[in-house]
Amino acid sequence: MDYKDVIANPDKYDFTIETLGSPAIDSPFQGRRFIEEYERVSFAVKLHELEPLFNSGRSLPAFERSGPRSKIFHDPAWSRAAIVTCGGLCPGLNDVIKNIVNVLWFGYGIHNIYGIRYGYRGLSPKCNLSPVVLNPDVVDTIHEDGGTILGSSRGNQDIGDMVDTLMRMNINMLFTIGGDGTLQGASAIADEIARRKRNISVIGIPKTIDNDLGFMEKTFGFDTAVLTSADIITSAHNEAKGAYNGIGLVKLMGRDSGFIASYASIANSVVNFCLIPEVPLILDGEHGLLRALERRFDQGKDHAVIVVAEGAGQDLFRHKRKKRDKSGNLIKNDIGLLLKSEIQDYFEDRGREVNIKYMDPSYFIRSVNAKGTDSIFCNLLGEHAVHAAMAGKTNMVVGYWSNTYTHVPIHLATLERRKVNLNGDLWNAVLGLTQQNVYFHNTVGGSNENTAP
Amino acid sequence: MDYKDVIANPDKYDFTIETLGSPAIDSPFQGRRFIEEYERVSFAVKLHELEPLFNSGRSLPAFERSGPRSKIFHDPAWSRAAIVTCGGLCPGLNDVIKNIVNVLWFGYGIHNIYGIRYGYRGLSPKCNLSPVVLNPDVVDTIHEDGGTILGSSRGNQDIGDMVDTLMRMNINMLFTIGGDGTLQGASAIADEIARRKRNISVIGIPKTIDNDLGFMEKTFGFDTAVLTSADIITSAHNEAKGAYNGIGLVKLMGRDSGFIASYASIANSVVNFCLIPEVPLILDGEHGLLRALERRFDQGKDHAVIVVAEGAGQDLFRHKRKKRDKSGNLIKNDIGLLLKSEIQDYFEDRGREVNIKYMDPSYFIRSVNAKGTDSIFCNLLGEHAVHAAMAGKTNMVVGYWSNTYTHVPIHLATLERRKVNLNGDLWNAVLGLTQQNVYFHNTVGGSNENTAP
Amino acid sequence: MDYKDVIANPDKYDFTIETLGSPAIDSPFQGRRFIEEYERVSFAVKLHELEPLFNSGRSLPAFERSGPRSKIFHDPAWSRAAIVTCGGLCPGLNDVIKNIVNVLWFGYGIHNIYGIRYGYRGLSPKCNLSPVVLNPDVVDTIHEDGGTILGSSRGNQDIGDMVDTLMRMNINMLFTIGGDGTLQGASAIADEIARRKRNISVIGIPKTIDNDLGFMEKTFGFDTAVLTSADIITSAHNEAKGAYNGIGLVKLMGRDSGFIASYASIANSVVNFCLIPEVPLILDGEHGLLRALERRFDQGKDHAVIVVAEGAGQDLFRHKRKKRDKSGNLIKNDIGLLLKSEIQDYFEDRGREVNIKYMDPSYFIRSVNAKGTDSIFCNLLGEHAVHAAMAGKTNMVVGYWSNTYTHVPIHLATLERRKVNLNGDLWNAVLGLTQQNVYFHNTVGGSNENTAP
Amino acid sequence: MDYKDVIANPDKYDFTIETLGSPAIDSPFQGRRFIEEYERVSFAVKLHELEPLFNSGRSLPAFERSGPRSKIFHDPAWSRAAIVTCGGLCPGLNDVIKNIVNVLWFGYGIHNIYGIRYGYRGLSPKCNLSPVVLNPDVVDTIHEDGGTILGSSRGNQDIGDMVDTLMRMNINMLFTIGGDGTLQGASAIADEIARRKRNISVIGIPKTIDNDLGFMEKTFGFDTAVLTSADIITSAHNEAKGAYNGIGLVKLMGRDSGFIASYASIANSVVNFCLIPEVPLILDGEHGLLRALERRFDQGKDHAVIVVAEGAGQDLFRHKRKKRDKSGNLIKNDIGLLLKSEIQDYFEDRGREVNIKYMDPSYFIRSVNAKGTDSIFCNLLGEHAVHAAMAGKTNMVVGYWSNTYTHVPIHLATLERRKVNLNGDLWNAVLGLTQQNVYFHNTVGGSNENTAP
């Protein structure tokens, strides 16, 4: 998502949320202020962006605010909800499930709640997977476990089949927890439901451990992933320091963006090189990684810790056709294995010993349970999803912006991936803590002022 | 801080940041976009609040945006910085120290950095405590340890004495990390410096594990405190379930606000009663805690987990004079011990056995090191403090608002404490997950719809 | 237990295990070598102890070896087992329960297994507590949770009542997991069963987190308790270093012995004073703790970490009658609170500031789940208990000696508590790592050779 | 080591410890009982093994007991010690180093202590690596970090060169921490020292995370490795349950023995198949792993967790030449990758979907710091190594037998690797908890009595 483009061309972006109809039922939800339909959270928060927008006289780009409405669309008495989790594991799936169930049950008195097994597959009659019945007792302690009690799967099923299943089960609200593909599937389901003129709300809770969804400041599971990465990085540091010219190389998640790699490199600031998809990864030449590493060892540093996002340096595979062929399928896109072998070859050619230890902890990181404030975020996403569904919203996901929960149309949420801003706080902090550019640009020792004693 | 009042009477609140003078030196800081002085982050983010403000024609309440400036005030060549940590421990102190040192050193080339020992005491010549020299090597792995490498102390010292010390040491930027009292002290130091017409920047990094500072969405250490509380609550749950009518009672931090207690009760959602200062704590009578607990056991639930913020129920001590006298000094203000004894007495009087286990883990929680994204927050607070100092700002703290780092005048930051909004997302989630009002208001079994099977 | 006395007077100690009768049924247990009835593990393992015993011509003190027998006494087809957990929580209770159930079920094909609720109370008809049915599915993941799924209670019930219950339920093997009192109760139950000439095996699994049971090298839960203490001690260390003349004071379990305190002080070797029941605790005078602490601060050390076992210094309460009266009931036997107040008073009297932080983490430590090799120990204790029961053994506990699981008569197991040997490896290591005697005996600075630079 | 052979042919095994000469100096070590030279710990502890040995009239196989002697050989006044760590990382290296330093310094007053960098390489003059000076301040908190502060390397250097270095440095005691190869190197060093008639003690502390050293019940780091594995196995379990027919496959350490795999499978008993080197790994056919897995899914179990020791199934690579060629170098000996691909192929051929997640966490597991009682074990091994050196022992390692620290000649310690006894407690517990043989032998459903409901 191009933040600046939204500010510059707000009319290109439609923040309107679809609804099934006009909510006419008094909400039974108790215990807090109802949110008014007119409440909006401004997309822009900086004055020099806000002012021209205001002065233009057009309506400002702004998110519908999430929360319980005084009038609801679905009658709790006949409501039947379904929850489905799709795609790879991510910390917090069970927290989201738990609180959707709790808020439906205690908040709205809805007691027919079904868990769809193994992602969209469980909605396909072909797969013959019975849903599980969910209630507060079933979900009572699932937040203590990683993974998802419902199981998951990748890929979509036939949209018509899935809508048939929802109709056969008399479901009137479907909660889908998943990433881009899942949400696009959810949108297709919502469209098909609209075509059939059925009153089924389809509400997404966006899941991407990479934390790079557009129009959303943060996605669930990310904080826990960063937390868990820290221990791995400590181990890589110990391995690096434990061997002569030791190198600890850790591949972290991040297909298109370097958020986890960047955050992890700041959270446990013993990282010396952080490599992300947003920065072209050059191996060879004076400003390449290999020479940078060599400079570090030349300077008498006796170890190096490298964190690489899985999506970094993917163009290296284009130009290194032979390498790829020889290494076979497994290595094909694995930047971690490529780096390991390139670094080994480089120093071997120069008759210099290095000792690389390569760690690939993604399954470990993504399958732990959500911790601390991340768990709270999951709980609130689940709750707001229920409020949105009850109000008759559909084809949307629950988002988060300026410290507030929001409604985001699926088409916006899946429009484009966020990237690490190379001019911003985050990447600047990575550069500051790693001091990696000193080695990339050979400014080592160029100035007495910039080196520690 | 009354959020609504700022919106309603923006003129009452002065967001202007003091400066020592006009920055005239080109900044040596590299690697990211400089922030322009005119950049402001809007205090209001909701359209229905923004619109009237805009239409009023007055300037909007807004924070100066934090970040590196292209022109700086202090000349790095002669700059000498001092860092001081005050008050109780809080996760992340060492991360803040580490990154202040790193950004001064690598970002601005400032190599004269001193750590003041034991809080403001180290600035008083009477206490005879030599500062320690700080550099990137000294702080390299301090983020792995809880506490503060500088030591801390409570209370202020004579303002004149402290300014004398700063002048004698030729310090031109002082970083103070501490809570309300500390910041007020920092403000007094800045005022005295202004009176003496000296060019010393005084920049605060607000520290309150309770996360209740005004004009700031979040304070450092809080996420880690919530994270650490979860294990304690699991233990309390195990103790409660392990005994006949077992009660696990945990006192958490929160002198004036229930943020930690509330967050912790959602993060590990096995809590049955969450008691916070914002909600009057009634022990006796039909809607009191004791009767609510009894109802829970009457319903066949075999255990209860209670989380109480230390500031909850303080008025109980006024009316229970005898209790207090008998129990002596230690018990005086300890709501945990009071609850323990009241609950025991209540059930004893009724000939009903309960087994209470009381846990008071505050020292444990506050003395761990900052973890995951909390550590990142500390690093960035530290960095922004340096940028602010270099730009010649003073008498301010680094804040955080709408996902952006900001400058906040100390007088605003210490104006008033935030409270848990009883009509908002947070408290609503606590009530939803604990279902405590069911027991307080005796709606147990009142409706088939609202009870789990 | 006086180890030396067993060697010197072996005839005083009867290692014979009671049996209900002669095992005549072929065991269905598969997959490993059966243990022969004659197998014994020698009590003595040192040659200079073994030789005189051998030469005396008498039978050596030796434990029956535990393990599956080829012939069993109880017919699996009609066997009904009961499991009961008593006393305070201890890591590993659920592991023991889990594996008793698994080995009964899969190893012997016994499918009638009952969990007695809340300790012996669940065996008393007066308490009206129905047992829970146990099977491998019920216990599948209970090892991940601390506490006990059965609940627990302290104290014994009427022996006749309990045997009546066992007979009414047609139980023929009772597994009791508990400490001294529990085991003595189990022994009384076994005696009453014998009096009534019933074929019910009573097998204990000794539980004492203090690890001080006689005739047993180790008890379950202890390793996990030591592990968990380490984090608390780190916090105490951070608190101590974070304040001027800071003192971190941690009370750990150990009513009669200092095993946990000693092990914890070695496992996280930042402890400066370790105080255990085996060493008289002197507060006042030249060789008292207060003067020792003062010497440490005199030497320029800026902090102190003190670990005290709850049973240490109990005689101080006799002589300090006034202190006790003033402090009221709560303080009466709490050596931690006493130390805190004595240390404060001492330094206050001398006009010297110290900052004590007192931590009492026992409930936290004992209610976590068993970890790592401790969990394995629990599993094997549970298994061996089943083998013993099936073989018709009774009135015994499962023990561990020289790396081998053993049978120990209850009367031996409860004879006397082990103590930390002040001339042995353990205490010596504590003294070596804390260097506390340097301060107690004022040998500070007495020799250049014994101080670190 | 063949335990039975030692009992049967004790004369084949020489337990005698070499000494440099007669100790004549009064030991300055204080605070505990001295161990007498005649003290021996019996190798056999079972009566039916002990009795024939006794009756044979020959001397029993027994270890010299470790501990401080009243007379020492090396004069502390001129002693200079060196410590070297070799081979792969293992939890606890820093604890061992720390306590060697502490006991030398505080226990014997020896202040010339050197840390050799990067294993034996640091003893070779060719490598030009200066030793580091060690003292109690340097090692004060190193136990909190994994890895080794000295660095490590694999392989031996020229023996003569290394002895030259020791002599040039005037070292009279060398502590080597390492595995088989390292210890054999240490033995060669000791032999060369003897040939040169020098008084240098060479004392080993055996390091093998696999815990399979002969004549030793346990090696350091093992408990922590088991502990750390548990979290990985939980993640594998979550991954397995999160996907349709999910399989979590974890490779753990264990080149020649299955101790870590077996212990880890009991410590976190959610493992369904545990594969170790001691049991031939058959993939194909009715009793092969692939068919066993298939049976498990046939039975309606929806997931499987497999733990495989790295040394398991190595003979599969002989017979699968084509597989090996195709997969290239990396896959060659990697049983984890082989299993992953074989399982995928097998089910793909049968048109059945499975989802395998493969985890290879060895670097993570071995590079954490030692925890809890494992840390204590390291401390005591370090201490006993110092006592042995001071007494003039050489060419030996510190061992552990029947709960007692011992001296073991290096030639015995490196004689042969221990294996998991397939008829013993450990493997039996693995089979009991995994129930894997039910699937290997197709006894599923064969009997109502052996399946959980």
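So that you can tell them apart, the chains are marked A, B, C and D in the order they are listed, and the count of residues begins at 1 in each.
Everything that follows uses one rule, which is that a residue touches a chain if its C-beta (ideal position, glycine included) is under 8 Å from a C-beta of that chain, and two chains touch if they have at least 3 such contacts.
These figures come from a predicted structure and were not determined experimentally.
Counting steps between touching chains, the shortest path from chain A to chain D takes 1. When the partners of chain A are compared with those of chain C, the chains appearing in both lists are B, D. Ranking all chains by how far their C-alpha centres lie from the centre of chain D, first place goes to B. Centre-to-centre separation between chain A and chain B, using Cα means, comes to 28 Å.
Per-chain CA centroids place chain B at a distance of 40 Å from chain C. Chain B and chain D have CA centres that are 46 Å apart.
Multi-chain contact residues of chain D, defined as those touching 2 or more other chains: 144, 234. Across the complex, chain A meets chain B through its residues 31-33, 38-42, 45-48, 50, 54, 60, 62, 65, 67, 98-99, 102-103, 105-107, 109, 111, 135-137, 140-141, 143-144, 217, 222-224, 226-227, 230, 234, 263, 266-270, 371-373, 375-376, 379-380, 383, 402-405, 422-425, 427-429, 431-433, 435, 437, 447, 449-450, 452-453.
Considering their complex, residues 89, 118, 121, 145-148, 151-153, 231-232, 234-239, 241-244, 246, 302, 326-328, 330-331, 337, 357-361, 363-364, 367-368 of chain A touch chain D.
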